[in-house]
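Paired with subunit B in one complex and with subunit C in the other, subunit A is shared by the two complexes that follow.
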Partner chain A sequence: MNQRRSRFQIHGWLLLMPAAIFLIAFTYYPTLATLAKSFFSQGNAIKPSRFVGLENYEFLITDEVFWKVVGNNVIYAATTIPISIALALLMAVWVNGRLPMKSLVRMSFFTPTVLPMIAVANIWLFFYSPDIGLIDQITSSFGIASHNWLGDPDTVLGCIIVITIWKEAGFFMIFYLAALQTLSPELEEAARLEGASRWYYFRRVMFPLLMPTTLFVLINAIINSFKLVDQLFILTKGGPDNASSLLLYYIYEVAFSFLDQAYASTLTVVLLLALAIIAIGQFVFLDKKVHYR
Partner chain B sequence: MRTANLKEKISLHFEYGAAYLLALIWMLPLIYAFWSAFHPSEYATRFDLLAPLTLDNFREAWSQAPFARYFLNTFLLVSIILLAQFILCTLAAYAFARFEFPGKSIAFALVLIQLMIMPEVLIVENYVTMSQLNLVDSIVGIGLPYMASAFGIFLLRQTFKTIPKELEDAARVEGCSALQILWKVYVPLARPTYVAFGLVSVSYHWNNFLWPLVITNSVTTRPLTVGLAIFGAPESGVDWSIITAGTLLAVAPLLVAFLLFQRQFVQSFMHAGIK
Partner chain C sequence: MLTTLKHKAGKLTIAAALGLGMASSASAVDLTMYYPVAVGGPLTKVVDGMVEDFEKANPDINVNAIYAGNYNDARIKALAALKSGEPAQTSVMFSIDIYELIEQGAIVPFDDVVETADEKAWLDGFYPALMENGKTRDKTWGIPFQRSTIVMYYNKDAFRAAGLDPEAPPATWDELVEAGKKLTKKNGDTVEQWGAMIPSTGYPYWMFGALAMQNGQTLMNSEGNETYFDAPATVEALQFWQDLGNKHGIMPTGTVEWATLRQNFLEGKTAMMWHSTGNLTAVKKDASFDFGVAMLPAQKRRGSPTGGGNFYIFEKSTPEERKAAMKLIRFLTEPERTAQWSIETGYLGTRPDAYSTAELTQYVQDFPPAAVARDQLEFATAELSTFQNGRVRKLLDDAIQSVLVGDKTAAEALGSAQKQADRLLKNYR
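Let's turn to the complex of A and B:
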């Protein structure tokens, strides 16, 4: 019996081994190596890398671009997360209801999800171009002067935010749709018999019941607000003057354009810390709501 | 009662109008791409219903960039990743679902960490690893960090746990080994999950950009997204119509698949989201 049990245990570990090796090599090791590298200077042919303690972090605190990028990322998160979730919920309610031609509507909402961000950024670039772009063509027909949407530091981040919402909302809609289909239709009928308005039903019955889905979508939206930077490569390259740059894009620039891996690692640690805080938050707040079987 | 009904009816129509408007806005980029790709470039920004149709932009785009090669690269990349994910995630999920071993719950928690710390976040250090492994600018190099997918492991574990243990016991009585049981009992019964995970994985990696951009630097390895970014860069001086034609070429396979198997796609994404 004992022999069988230990063989059972060894089998378990053996099955896990291949995936574990990959996870160690490409997730845990690089995470720790990033942390270690953030305490070293960037080496080059003449000066080898050496331990510098917190020097990189001291530079980080005085780096104006870093603060600019963090500020942008906060705005990016604070706008894309609530708006895309609210739109997703609205879309799901529409598509789940009695809307005529709803499968066509559902398809148009979901299509951005299957298109690569890089490809759609090419198309959005045209929308935003001054004078000839679609937005300017529409506004000029109302007599509004043309505007360089992506060239103006005041509007560029807004343009990036709009694309992200457009890309994400349909994806989140799917999860709401799945949840809505598990709600029993009698619930709404009962509410209507009691004389409740649609809005009241939504606010007091539907929305609370969708809470686990909202939390799941919320986590995804938060992660995306750190991860989704592809559109910057096509539309703005983070400019003008870093007005549209986000943390991950700045990490990419520092590492692969300025070739400063030590500082890029320091910036990555900040990103990892932010993700760790979210993970802990999820663990503390969500574990009670979302059950893992 | 009647006026309330009327009021509600009007507001309902108003809502439907808003839904259609939003759907139209959501489709606008794609509609525009079709417009500009199928018309001569002088009509790229001028909307005239009588504009002549043409396929020249597609021919131009196809000849100006090695799209055939990019397609092949993306196809290889997506297939390699999917195959590796199926193998690695199946084995690990089986271990988590049906085996007891010391450190199991810690190991599972460690796996879930990857849901947060995705390979995108670790591009700097993973690039260093790839250069040490001599895998910079290789398709395998693009795929490696994604092969042990925490998402896949989690999804398959959930599915495996719902499969009755009696089936496994019956197979064991027949003399099947652990791997045979996995292959003959668990994998066939988890087919819907494999389809769902497969679709999500394929569309993710077909569209993925940042890491492939970092790790590739030649035509023989670049996937479509990276090729498209270079093709569409303003400094390349290609005009709108040709860029949109190239864009449509790049998204065509996935878009066509999506339109054909819309229900399957939507259901797969749903399935993947329900935990």
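Let's turn to the complex of A and C:
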């Protein structure tokens, strides 16, 4: 009996092993190694790495660039998340209805998602460039003076945000569209018979039923607002003067341009903590408000 | 079950080890080399072709040349390969990576590898300006390979239209401003053609190195442990750069994008641009107007930093491998091959004797702009390169951009950059 049980256990563990090995090798070990590394100094051939306790974290608090990119990231998240979700919902409701050439419209909304971000950024680079860019050529035909969109710290972050929304909304639209098609048409009919306005139907019936999708999309949008930095490599490299730099891009810079992996680890730990807090908040508070069927 | 698995795994490892051993004993020396490509064009083909020629001439050396992306990628890949124990014996990397590579203990000086008088003569045969970024602590660590300087491209048609002599491009800062004012064309509030553009994204510190040098000031010492960001001449140079936009109105205010600048020039949106010689072939191909190439203008003197990639030899290599690497590097920098490389890419010929080859003499005669970068070498200086290079460079980049967008004054921004650079570099003094 005992032997049989232990054999079962071995079987169980063997079945778990492939997934466990990958999780440990690519998720848990790197996370712990990053945490450990953040307490050490960056070593080199002359000075080996040594334990410095919280010194890296003290530097982080006084690091102006860090606070600047955190501020940028908050603005970036606070604008891209709600706008791209709202836009996605609007587009989904629109292309879900009776519409001539419906699939063509759907496809054109979805196209930005399929394009690689690097290619997209290269195209937008020429949209934004002063004088010769598309935007300036359009505005100049109305007699508006040209503007250096990416070279002005007041507009550069806005430009990055617009690209992100343009790229993400179509992706989220697909999820809303799928959810909308599962809603039974009787609900709408019933609402109409009861004399409910379309806005009332949307607010009290459709939107609550879409809540699980909204939660899923929201989580994706939040992750992306920290993760999506590809466009910075092409468009601005975080400039001018860090006006468009985001946290993940700064981590990349510190790790691979400054070759300071210790400090990069410290920044990564902060990013992980922030994401963990957001995730916990979402699951604890939002989950209760979501209506699952 | 588990034991049989282990058994099999053991057998496999032994077989794999044997296989690898046999592969490497087939030829006398295996070399792995990483190289970056930073400008457009089919450069990988050119490099692969040259490496093939080398292997034909040296059948006992087997070279594995790996294209590794841009300069930053190449450094990351080479250092990662070294750390993981993968053998790479030599690489082309950014010339300004030298201090970081020394600090990591990754490279050996060529003085330790060079033996014969013939080899010493070869080492002394490069342009001194190009060696500046490869030399420190009285030793030579990098051999110039794909190198460039900044030159001024100008639109001769626009010069004619503005009543300027197209064969006399501005040679001083004052002339630049004067010509720029004549060349700036306005239609109401919108500018149809700017006088000049100096790119300030991508590599602002590089462009600034030119302005500072022209004002008689280098940005750092040759030990790489001191910067001169807040020297009065440096501040003046940055002030001048800002004035081009704010005071003289011949350049857009804010930053000027590196990546789209060539397009701006080709579409006639700017009459002059400062850019790398690496763009020469592309501009030559696409320009629909008559264009010229000139040395950068002077204030106290002429000046431009050099740029580009050097050959390094890694510390983790056997004496035989180092010798083979030396052979490869010498082969690739022979006058004829340097000439061929320069013609096909637009990069500088790194040695005076390359310019006396028949091929390059002919090419320069047919296309005089190709000689401007060479002639400018006489006034060239090292590109900004220090210990903690990534950070120090970014400090300067941020300072330059914050002044150009009007957030800070030149003295303020450079003073704070210098203070932070001092904090980073004091450990190396």
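Descriptive notes on the structure:
As a convention for this text, the second predicted complex is superposed on the first by the 277 of 293 C-alpha atoms of A that agree within 3 Å, B and C clash if a C-alpha of one lies under 4 Å from a C-alpha of the other, contacts with A are read in each partner's own complex, and residues count from 1 in each chain.
In this section, a residue touches a chain if its C-beta (ideal position, glycine included) is under 8 Å from a C-beta of that chain, and two chains touch if they have at least 3 such contacts.
Predicted, not measured: the structure shown is a model, and the values here were computed from it.
In the superposition on chain A, A:I132 makes contact with both subunit B and subunit C.
Of the two partner chains placed by superposition, A:S49 touches none, neither subunit B nor subunit C. By the touch criterion defined above, A:L16 lies against subunit B but remains apart from subunit C after alignment on the C-alpha atoms of chain A. When subunit B and subunit C are set side by side, the one touching more residues of subunit A is B.
Of the two partner chains, subunit C is the only one that A:E253 touches; subunit B does not reach it. When the two structures are aligned on the shared chain, A:Y28 is found in touch with subunit B, with no touch to subunit C. Touch criterion met: A:A279 reaches subunit B, while subunit C stays clear of it.
In the superposition on chain A, A:P240 makes contact with subunit C only, not with subunit B.
Subunit A residues in contact with subunit B (one complex) as well as with subunit C (other complex) are 125-126, 132-133, 234, 256.
Note for the complex: subunit C touches subunit A at residues 72, 76, 79, 100, 103-106, 188-191, 194, 200-202, 252-257, 259-260, 263-264, 267, 269, 388, 390-391, 394, 397-398, 401-402, 404-405, 407. In the complex of the two chains, the subunit B residues touching subunit A come out as 8, 15-16, 19-20, 22-24, 26-30, 32-33, 36, 45, 87-89, 91-92, 94-96, 99-102, 104, 107, 110-111, 113-114, 116-129, 144-145, 147-148, 150, 153, 158, 161, 178, 203, 206-210, 213-214, 224-226, 228-229, 232-233, 240, 243-244, 247, 250-251, 254-255, 258-259, 262, 265-266, 269-270, 273-275. Within the complex formed with subunit C, the subunit A residues making contact are 44-46, 65, 125-126, 129-133, 140, 143, 145-146, 148, 150-153, 234, 236-237, 239-243, 253, 256-260. Residues of subunit A touching subunit B in their complex: 8-13, 15-16, 18-23, 25-31, 33-34, 37, 87, 91, 94, 99-100, 103-120, 122-127, 132-134, 137, 166, 170-171, 174-175, 177-178, 198, 216, 223, 226-227, 229-230, 233-234, 248, 251-252, 255-256, 261, 264-265, 268, 271-272, 275-276, 278-279, 290, 292-293.
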